[in-house]
Amino acid sequence: MNKNRLEAFSDGVLAILITIMVLELKVPATPTIDALLPVYPVFLSYVLSFVYLAIYWNNHHHMLHTVGKVNGAILWANLHLLFWLSLIPFVTAWIGENHFASLPTGVYGVVMLMAAIAYFILQQIIIASQGAGSLLKKAVGGDWKGKISPILYLSAIGAAFWLPWISLGIYVLVALIWLVPDKRIEKMFMREG
Amino acid sequence: MNKNRLEAFSDGVLAILITIMVLELKVPATPTIDALLPVYPVFLSYVLSFVYLAIYWNNHHHMLHTVGKVNGAILWANLHLLFWLSLIPFVTAWIGENHFASLPTGVYGVVMLMAAIAYFILQQIIIASQGAGSLLKKAVGGDWKGKISPILYLSAIGAAFWLPWISLGIYVLVALIWLVPDKRIEKMFMREG
Amino acid sequence: MNKNRLEAFSDGVLAILITIMVLELKVPATPTIDALLPVYPVFLSYVLSFVYLAIYWNNHHHMLHTVGKVNGAILWANLHLLFWLSLIPFVTAWIGENHFASLPTGVYGVVMLMAAIAYFILQQIIIASQGAGSLLKKAVGGDWKGKISPILYLSAIGAAFWLPWISLGIYVLVALIWLVPDKRIEKMFMREG
Amino acid sequence: MNKNRLEAFSDGVLAILITIMVLELKVPATPTIDALLPVYPVFLSYVLSFVYLAIYWNNHHHMLHTVGKVNGAILWANLHLLFWLSLIPFVTAWIGENHFASLPTGVYGVVMLMAAIAYFILQQIIIASQGAGSLLKKAVGGDWKGKISPILYLSAIGAAFWLPWISLGIYVLVALIWLVPDKRIEKMFMREG
């Protein structure tokens, strides 16, 4: 299987996910400030999830850039990642419509944790497929972002049942950590090319 | 007509189908476990259909990989397959919202059976278009998966009106049978290339 | 502007349109035949519109195949066509939910007529851009399908307020007329190539 | 990162946005003129937003046509633009369902203003990345359209709380100003090529 097909399919799914979330922004019934204001938590969660999906799209590209041939394991690890990402519109709407209540805020973290694990699995499978001298392994290096994110998600899940706003702060923090495109891989290619 | 356009269009439709199913996961009105729990049958059926669509996408690619030129018959057989696949979100939601009741479970099998038949027709048309020494024919070989699936679907449809959970077990079984990417075609290309 | 971008964007819009129509198939509330049966008119109109959109996708490709460079007029004529096609899910749901009542059946014909006119305009603009010896002009020839369709749509719109089932029959007839991929253009390319 | 991926992802998001707006055209419950008529303001706002998104798609292409390599700043400025464009279906439905009342009409202008600013930022980042002799800078020239649009949006936002129909007229005016594809960039490429 060609890498381009995998990229195109993943791009398609990510483009749809990032866009259909807006369908959860329920149109207010009346043209008043009072009707618009309740939309703001859904809007905030929309912004957060938009940034997360954009980060995944961005890093997914950098990662696949190092891949030559796609095998069955890479293909299914990629679909596994898309599965968890596909749940983001659901938890985004739930968290927003309930004003960041404990349970939705915790479940949001669970989905994010599973997506991070799926991303890690995909990364390891690609590295394994590249054998010794893996381009991706060199690029990822110590992978401190990949290691700290699950810990932060776990903290956020725990905090959700106590002070969900702290969980929310952690989600924003993780997004900020990743927001900067992964310089390591970018640098690699500059050195290689 | 160029093969790439057919692939791109099919990829687009499959990416949309696999993604819009999540819109059927109704967001619980309250932030409680009691409100989340009723979502689990819809979630289970979502996982099952996600896997089915992923399998179709995967095998569809392997199959089209053997195709050179696309003719009108291939084009319409492909659209016929997409039509039946497009009904998956509908039956997935119906089966989930009714907790795998008899009728939806049976109708789910009917849609899967029709998709399998449409896939078989597409396969035969491609083989016919390739003439003697068809690459796809050699790759497909005895096609035991393609032959056993309709029989299993028919059993599941029958069982649905008696014990729908057995039907569900059969659907999971068919998915597992196909989950392994088709080694036959993969091997073919390794030998050829 | 590159032709590929226009094709990719049009493909995207058509793939989404053909797929989101299934969201209008409202999932029955209960797992009974009585709850499923009312879906059948929406299902029938879904099949009809699926075939129409598939025909447009197919012919659109054949037409663009003759195009070299895309200018502003082609681009906006193409968007104009996509606009009318984008209304198909709306009229499809309306016609189905009201069991092919007069007004929706007539409005369905109006949208189809406007799409046919938009297709004709796009075709003429491409022919004009190709100058004398236009490849598309030769391929289209007498264009009897393009000429008879608007007349049939107009008859169907008129019949809708009298016997809507006759209109429906006419829509099916037009679909059948177009269902055969345009041999003229296909032949052209075989002779040329 | 490759420019093609950025273009394909942006195309995907824009194709989805322009298409899902039609889901906000609520299907009338009955097959009567009385049930269809209330749809007309939503339809009008749909036409307006369809044209706006088509213009953005068109100009976005012309702009990216001048880009060689994509860096992180371009990538995130592009996602920022897509974010504001993704809110268009929401404000389109709100403005239409409330018959162009003051608040939705003003908020529509705010989203358009933010999208225009995001477009301007993206343009400036691309120009900066191209250094002296930027192809895009020459193409954009005095950029009177880019300068007058925010002023017109601001006027429309102000007018919304007084006479919303004037705001609507201004939105139509801005669309007409941009409707003509940007001759400057087109000319550039003709001279260059």
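Think of it as A, B, C and D in the order they're written, each chain with its own count starting at 1.
One rule holds for everything that comes next: contacts are C-beta pairs under 8 Å (C-beta built on N, C-alpha and C of every residue); 3 or more make two chains touch, one makes a residue touch a chain.
If you're wondering where the values come from, they're calculated on a predicted model, not measured in any experiment.
Comparing the residue numbers each copy contributes, chain C and chain D share less than half of them at their mutual interface. The angle needed to superpose chain A on chain B by their Cα atoms is 90 degrees, rounded to the nearest 5. Averaged Cα coordinates give chain B a centre that lies 27 Å from the centre of chain C.
Work out the mean CA point of chain B and of chain D, and you get 38 Å between them.
Counting partner chains per residue, chain A has residues 8, 12, 16, 20, 23 touching two or more of them. Interchain contacts close the chains into one ring where each touches exactly two others, per the touch definition above. Here the touching chains pair up as A-B, A-D, B-C, C-D.
Of all the residues in chain B, the ones that touch chain C in their complex are 1, 5, 8-9, 12-13, 16-17, 20, 23-24, 72, 75-76, 79, 82-83, 86-87, 89-90, 93-94, 97-98, 101-104, 107.
Residues of chain C that touch chain B in their complex: 7-8, 11-12, 14-16, 18-20, 22-23, 25, 27-33, 36, 47, 50, 54, 57-58, 61-62, 65, 179-181, 186.
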